[in-house]
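After this come two complexes, each holding chain A, first together with chain B and then together with chain C.
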Partner chain A sequence: MKIRDLESGYGSVQILWGVDMSLREGAITALLGPNGAGKSTLLRSIFGTVRPWKGSILYRDEDILHLPPHRKVDRGIALVPEGRHVFAGMTVKENLLLGAYRKRARERMEGNLGLVFSLFPILEERQDQRAGTLSGGEQQMLTIARSLMASPELMMLDEPSQGLAPKVVEEVFSALTRIREEGVTILLVEQNVENVLSIADYVYILNEGRVVGEGRPDEIEKAGLRKAYLGL
Partner chain B sequence: MPPFLIALYGNLLNGAILGAVYGMMTMGLSLIFGVLRIVNVGHGAFIMVGAYTAFFLFTLYGIPPLLAVPFSFIIGMGLGALFFYTVIKRLIDSPELTTLLATFSFGVLLEEVAKLLWGPDYRGFNWEVGSLHLPFVTIPLEKLYAFLASVSMALILYIWFKKGRSGMAIRAIMEDREGASCCGINVDGMYGLSFSIGIALTVASGSLLTLFIPVGIHPYMGGIYTLKAFVIAVLGGLSSPWGAFFGGFIFGLVENGAYSLFGLVPGLEPFSMTYFAAFLILLILLLIRPEGLLGANGG
Partner chain C sequence: MRQYIPFLPVVAIYGTLFLTGLLLEGMWQPMALLAFYGALGQVFNIFLGLTGYVDFGYVAFLAIGSYGMAIAASSLYEDLGWWIVPTGFVLAFIMASFLSIAVGAIALRLKGAYFAIATIGVSEGLRYLIEGTGLWGGSMGIIVSRPLREAFGREGANSLSTFWADSILYGIALVAAFITLMILKSRAGYAFLAMREDEEAARVMGIDTTRYKLLAFFISASLGGLIGASAWTLKMNYVFPSDVFDIVYTIEAIIIVLLGGSGTLLGPLVGGLVYGALKYWLAVTFPGLQLLLFAPLILVIIVAFPQGIIGILRERMGSAFRGVIL
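Right after this comes the complex of A and B.
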């Protein structure tokens, strides 16, 4: 995926000021940046829940800038949104079935269900339980699992480790590396810099709606970008 | 049995029958509120459209009101889609006042168009198909049919909602819009579908209501039904179509039961007092159980 000169915002308030970014297939690309930098806005603009203003998003030789979210899902793009957006009143199983809502995903439901349960065995145990009764970590796993049910080729995750205990964070991150092994391209937004630099293949740093740095994790360390923008 | 008890028994039975139609009349309002968080203040105008549909189909073509229901439903889908895609779609995330004004205006527009086309007169018709004789009470069959039609519509809606693919998608949107969007559910499209089905149910219920109002069809007939539907919706917990259906039952029972009771008081005009009773109940309910009888949870 190649993002060129992307501008976006809410109402008349501009948040993104020309973002350029490339995602390598099968890699984990991390997007770091301080609070309010526009990371969530960038993911929402790529996915289409926020309408981008201008620029282009080239994906498999097609400009998908203005496609609505469900058309993005049809092309194998998934978003795990910030916070835990599970369907609390439905069972874990129903949540997962809804993840396979599009036709393309329904055809691969059995296999994906197997993958999801092997990644998160706890969800198989709890499949008949209401999602609202799960712990925070389990809900985050369910959100990730639900988007895997859509058979994504590109998965974008918005702060999946937010508010989780360190042990659960580790579990989530090891699931991410396994998802990459399945050939899924990952764009990972995080505040949790330490963990991210250890699993990411490439890093972008966003500040005030602009890309202010990029490179492999070791290059980011060397260039001191981490200190400059992330205060660490 | 003493005459009062016989009257009460008859009224309660009729109340249950009319209550089911009230319930169906309110399901559309609750569906639209539950999914889109929009209060359709023009609700009664759509009931009026359904009543005229039944009236003209019967008087012009001899089509019985029960068969008018599918026609009304289709007209309702069309009107709902038209209203949604021209107006509502742009207003979904607007402040409440905006959508209140929009639905109010659309209701007024429908009423004025009806008056322009069909005049301000009161109209009505009689479709008589016999009666069911029970001990102490006789029930006109056409009302019983209206009852059965309402219950069936409610059941169909229930099954669609719980088992159907789009029904499940709509429940997902009610629970978490962003989550639904991430599942690839076309949220705008589902909003349009729920809105259209909500309006279609309302128009269809208007056709059934004609069986209870022999001469009550006129352009402004909807107002009182808007009020009643609001009471019923609150009884049922606002965003739950099933709650609304049961709220309708209760409202029908109370309205007709109160009619009997007030009839006992000399010098009271029982019919006008039933409105008083209905709104008194609403007030009491709002004070003791503001989340509705069945709770506010989508059911």
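Right after this comes the complex of A and C.
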């Protein structure tokens, strides 16, 4: 995916001021930056829940800038939104099956369910339990698992470690590396810099709606970008 | 066939009302009143129950439908004869559909309370537009007793108003219930369930939430238009803006759906029966005091049984009946 000169915002408030970014297939690309840098807005603009203003998003030789979210899902793009948006009143299994809502995903439902249960055995154990009764970490795994049910080729995650205990964060991150092994491209927004630098293949740093730095994790360290923009 | 089983209780209830009205002296009107509340709940539920959005201006669709019938009857009776009634229903359907799509395309982008306020505005605005500009007879309304007499004769017009208008209402109620069942049993039913629980998550899963909301809004509104055409214009033979835009009907629809069980098939029907019977009983037993008693009574019921009557029944009866009581 190639993003060129993307501008976006809410109402008349501009948040993104021309973002350029490329995602390599099968890699984990991390998007770091301080609060209010526009990281979530960038994910939402790519996915279409926020309408981008201008620019282009090339994905498999097609400009998908103005496609609505459900058309993005049809093209294999998934978003795991911030906060744990599980369907609390439904069982774990029902949550997962709803993840395969579009036709493309329904055709591969059985296989994906097997994959999801092998990645997250705890969800298989709890499949008949109501999602609202799961712990925070399990709910986060369920939201990730549910978006895997849509057979994504690109998965974007908005702060999946938010509010989780360190041990659970590790579990979530190790699940992400296993998802990468399945060939899924990942775009990860995070505040949790230490963990991200250890799993990411490439890093972008966003500040005030612009890309202010990019490189492999070790380059980011060397260039001192980490200290300059993230204060760590 | 199995999937149609939940429809049987609906048919049984409306059938009982219809036959009771037909066979017992003096019971036709009270039964028709219950059927009206059942139907009102049923059509309102298609939107509120499926999407969780509250339309405080819902009565506008019944009103516009009643105008559709009145316009057809008063302006076309010389050319069409008895065909004015089917034409009136078509016009009612079209006018309510247009209004719902126009309002829905804009208002359904708003969330929660903003949507509710916008819809009140539309309903009240439309009423003042009619009264202020003198459109469709303005505040004088449209009286259709003469055209109906000319088209059907005195006897015919009489039975249209006292029997057929109510009978058609039973038919609309059954159609509304059947459509509800079809939606609940389809993939769209799951989409609505997901949207109600978490709209953001539903969108992320590729559910086109705007389209589904608009669909439910349109179905609910167009059926509401048919109710207005039948239960008001054909039955009363007149349409006055101050009557047909009365917000009380919207509030009654909300109460009925919540009382019976929002988003269920049987809930709005049961809610309509309980509400109608209660209102009738209070008016007879405590004349003048009914409104004073009614509000707290409804409040208590809704606070005590937030899932409504059918929600409670389903929980108590266990899984064996879940498939039957929808």
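FYI, the second predicted complex is superposed on the first by the 232 of 232 C-alpha atoms of A that agree within 3 Å, B and C clash if a C-alpha of one lies under 4 Å from a C-alpha of the other, contacts with A are read in each partner's own complex, and residues count from 1 in each chain.
Everything below uses one rule, namely that a residue touches a chain if its C-beta (ideal position, glycine included) is under 8 Å from a C-beta of that chain, and two chains touch if they have at least 3 such contacts.
Bear in mind that the values here come from a model prediction, so they are computed numbers and not experimental data.
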>> Given the alignment on chain A, is it a clash or a fit between chain B and chain C?
In response: clash
> Does chain B (first) or chain C (second) touch A:G111, or do both, or does neither?
Replying inline: neither
>> Contacts for A:R102 in the overlay, against chain B (first) and chain C (second): which applies, first, second, both or neither?
In response: both
> With the two structures laid over each other on chain A, which partner does A:G18 touch: chain B (first), chain C (second), both, or neither?
Replying inline: neither
> Which partner does A:G224 reach: the first (chain B), the second (chain C), both, or neither?
Replying inline: neither
>> One more residue to check, A:G36. First (chain B), second (chain C), both or neither?
In response: neither
>> In the overlaid three-chain picture, which partner chain does A:A78 touch, first (chain B) or second (chain C), both, or neither?
In response: both
> Which chain A residues contact chain B in one complex and chain C in the other?
Replying inline: 47, 49, 68-70, 73-74, 78-81, 85-90, 98-99, 101-102, 105, 143, 146-147, 150
> Can you name the residues of chain A that touch chain B in the complex?
Replying inline: 47, 49, 68-70, 73-74, 78-81, 85-90, 94, 97-99, 101-102, 105, 143, 146-147, 150
> If you look only at chain A, which of its residues touch chain C in the complex?
Replying inline: 47, 49, 68-70, 72-74, 78-81, 85-90, 98-99, 101-102, 105, 143, 146-147, 150
> Inside the complex, what are the residues of chain B that reach chain A?
Replying inline: 165, 168-169, 171-172, 175-176, 178-188, 297-298
>> For a test of understanding, state which residues of chain C touch chain A in their complex under the given definition.
In response: 187, 190-191, 193-194, 197-198, 200-201, 203-208
